[in-house]
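Right after this note come the structures.
Below are two complexes that have chain A in common, paired first with chain B and then with chain C.
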Partner chain A sequence: MRKLYMELIRMRFLTMLAYRVNYYSGIIIYAINIGAYYFLWGAIYGGQQQLGGLTVEQMTSYVAIAWMSRAFYFNNIDTEIAQDVREGKVAIEMIRPYNYLSVKTAQAFGEGIFRFLFFAGPGIFLISLIIPFSFPATASGWGLYLISLMCAFLINTQINLVTGLLTFFLFRNDGMMRAKRVVVDLLSGLVLPISFFPGWAQTVMGYLPFQAVNYYPSLIFTGAITTQRSWELIGFQVIWMFVILVPILVMWRLARNKLVVQGG
Partner chain B sequence: MIQVNHLQKDFRIHQSRPGLGGAFRDLFSREYKTVKAVDDLSFTVEEGEMFALIGENGAGKSTTIKMLTGILTPSDGEIVINGYVPFKQREDYVRSIGVVFGQRSQLWWDLSPLESFRLLKSVYKVDEIEGEKWLERLIEELEITPFVSQPVRKLSLGQRMRCEVAASLIHKPRLLFLDEPTVGLDVLVKQKIREFLRNLNETENMTILLTTHDVSDIEALCKRVLVMDKGKLIFDGLLNDLKEKWGNGTEVSFQMKKRTSAAVLRQALGEMPCKIEQINDFTLSVKVARSQEMLPFVLSTVMSSFEVSDVKIEETSTEDIVRNIYSSDQEVASHA
Partner chain C sequence: MQNMRHIFSIFADYLSQYFKTRLAYRTDFIGDFVSNLVSELINLIFIIVVFTHVPLMGDWTRDEIIFIYGFFLVPYALFSMFFGFWDFNERYIIRGEMDRILTRPIHNLAQVCLESIAPDRIFGVITGIIIMGYAAIQLDLSFYWYDVFIFIGLSISGALIYGGVYTAIAAVSFFSDSRTGIAPMIYNIQQYGRYPVDVYNKAIRFVLTYVLPFAFVGVYPAAYFLRKEVWYTYAAMTPVVAVIFFGIGLIVWNWGVTKYRGAGS
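So, the complex of A and B:
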């Protein structure tokens, strides 16, 4: 089974490489995004030393790393599932001796690794030449970040599986998927660190899984919190992973019975 | 090998109301209609059989194949194939079958077929050495060597289809399903695929089920035919029986060297129950109902009594047969 998933990850890697222009423009887009946010935050800080518990340097690292993390956890498997359902390609997936959802997750992972190495890596390197940027000082800091990032990937993928699976019942849910993307970007702390939201919003967001997708790993990366707090955050991520697994399994069961293969 | 008992599949189809007002009302309450796509279907298949499932568009063939392959869950009835219940033990079951959908690709669009084969080999956990040997044989017999390393999107339909067949056989399944495998292919490619399938059936004793609209597919490959109409099985038996029972018979037209009238020909053929038609002074057509017994007699008699310059034999096409079945109200025939 491991060989299969290795192979799937490799295939996705090759598919990504097949479109080189996409690849080059991807790097530029990431660099522009990070750069834009850097200057935006520079203007917002003005002369102030600290805002929302973060120094200017920490904020800069936060922005850069939030985008770098996004490169890894972000994927479009919900639109892929929707397309498979709409075009009737699920039929092909169902004649293969594997679990469709695990396969999608493996493909997303292949894509994540590709983007992490080839988009985010060069992107961060380019950025670090221009703006001051602090990496975690210790190996354990890096380790915690990577664990947390892996969890973030799984949670985001699970959220995508939920929205993707809705297609089995609704047949068309592009709007919902687009809305989800904006919501995840906003509420995960990509656009704005969670500590900048008003108190009541922070309370509400505490009950939602989104900040586990970006805010937690990025916070760990900046070194603004203690090691113990980092482990707590990773614990929350693990809990969320199990919580979101429940609707996925239920929906998958129902979807199997409801499946209609479109287009003959 | 395949056992199907009282299989049934219902679909609930949303009926949209007409007009803008109707569309608005649809937002709040929807009307549904239940359609029986497959209705009380039963048949059994032995190992090593090659058989065709035919019927009009929308007769329920594809739905049946999708239930047999474990893609769709039946509404009622049971299926047991290779000892598995397809929709319940899907992941184990599909290891023993291969499926080709003529209208859908199972190869990866951006990669070469060879890469796809590689992935499929690990999907099915094929033994490395044996799998490689088998794959080489597939590649050779399907003659796909020249383009096996090109991206799939650059292949022609005929080239792709042969790769699809190879892909479905990577794991050496006991049972192969083909859903309209020859749609849109030219004669040469069709023939290649047919020859390959026949060879596979003979050497590996592989059970092959195909749905098709192409009469020549069935004639080249299958002895047994199942005919579906409106979700029901209306014929299950040998192709010859199907033709005898539902066909218009065979029409033979003779081009004579001398002027010949229908009466003269009638005399030569004697009491033979056939219809003779004069097409022009030199051409006559003879219609016989049951070709197996009468055709040799008609041919030998005419050839020995007249000087014939050309003979054309036209058989009823499956389309005609199917049309005949639909237009008549005969009872369900079963010869299994």
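So, the complex of A and C:
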């Protein structure tokens, strides 16, 4: 069984490698986004030393690392699931001797590893040449970040599974999946660190899983918090992973009984 | 001219068909509407939250930035309504749908636009006008009667600039017939036009003015309504830039079509 999933991860990794133009344009997209926010934040800080608990330097590191983390955790498995459902392929997937959702997760992981190695890695290196950027000083800092990033990937993938599974019930939900993407970008702290939001908004967001997707790992990376606090954040991420598992399992059970194949 | 009239009447026919197919999946229709609104508002939230911490960005106030953003939404909505072929490469080149397009009687670009028309994007215009209205009241802006026409002209120009750049980019698919992934790139660049160009460094400002002139979709024309006289020349140049860039888009497209070989089956 483990071999099967390893193979799936490897296959997706190789597929990503095959479409090279996609890869180059991806690098440019990330450069464009990081550049845009870099200059924007420069203008926002103006002469100010500190905003929302972050200095200018911490902010630029935050922007860069938030996008790099996104390269790893981001995937489109919800649109893939939606497409499988609409084209009727999901019926075949269901009779195969593996778990469809785990397969999707494995594929997403293959994609994540690819982007992490070929995108985020070189990307962060290039950025560190151009803009002031601080890496975690210690090995344990790196370790904490990577653990947290792995949790972030799992939580984001779970969120995608939830929206993807909704296709079984709504038939078409492209609009919702797109809305989810922008909402996750905002509420996960990608465009704006959570500490910038007004107090009441932060309280509300504390009850949502989204900041576990980006804000926690990015914060750990910038070194703006203690090791003690880092472990707490990772603990929260683990709790969220179990919480989101519940609707996934329930929906998957219902979906199998309710499946209406439209195409195929 | 006869030809153009023909194209416009076909647009009307496609529109009514569009609404019939859209309403078949009602939840998705609502979902789309909500998702567009959410993505428009999220940028607004960004601006509002940032300005709770600082009084100025560059030398622009919060309400000026909000006004620029509101203006930007209008041409952007027009553009995404008529140039909705985000999946051009995938749908027409890789699957070979372009073969069918070439057998149709009207110009092939018009046919592609028709098939991917997205009239519900028109709500973006309304959102934009509401946002601008709010900012205009806060800023105590006054308008002349002819500003309405200038606004319409500048909005259409903006949409044409996007349209031209996007058409040229989509036409690259004709030459490569493999996946390009260039479309999302443009989608990401467009966000630079939303903020005043003087916050960026010189190189980016140059690109946004002369190479991918997205500043002409947001900041420059909006500066006219904000009565920022420094930018008046740029605002006045908007229609010229629109004609040039849409022309380039068309030329590249037409050239690309001659190179099309048909990849699908």
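Heads up, the rule we're going with is that the second predicted complex is superposed on the first by the 263 of 264 C-alpha atoms of A that agree within 3 Å, B and C clash if a C-alpha of one lies under 4 Å from a C-alpha of the other, contacts with A are read in each partner's own complex, and residues count from 1 in each chain.
As a working rule, contacts are C-beta pairs under 8 Å (C-beta built on N, C-alpha and C of every residue); 3 or more make two chains touch, one makes a residue touch a chain.
These numbers come from a predicted model, not from an experiment.
By the touch criterion defined above, A:G175 reaches chain C but does not reach chain B. When both complexes are overlaid on chain A, the residue A:I44 reaches chain C alone and has no touch with chain B. By the touch criterion defined above, A:L4 reaches chain B but does not reach chain C. Measured by the number of chain A residues touched, the leading partner among chain B and chain C is C. Applying the stated contact rule after C-alpha superposition, one finds that A:E57 touches neither chain B nor chain C.
Once the two complexes are laid over each other on the shared chain, residue contacts for A:G26 go to chain C alone; chain B is not touched.
In the superposition on chain A, the residues of chain A contacting both chain B and chain C are 19. The part of chain A that touches chain B in the complex is made up of residues 3-4, 6-8, 11, 14-15, 18-19, 88-92, 94-99, 256-257, 259-261, 263-264.
In the complex of the two chains, the chain B residues touching chain A come out as 11, 62, 66, 69-73, 87, 90-92, 94-95, 97, 99, 101, 103-106, 108, 110-111, 115, 118-119, 122-125, 151.
For chain C in complex with chain A, the residues that touch the partner chain are 25, 27-36, 38-39, 42, 45-46, 49-50, 52-54, 56-58, 176, 178-182, 184-185, 188-189, 191-192, 195, 199-201, 204.
The touching residues of chain A, counted against chain C in their complex, run 19, 21-22, 25-26, 28-29, 32-33, 35-36, 39-40, 42-46, 48, 51-52, 170-176, 178-179, 182-183, 185-186, 191-192, 196-198.
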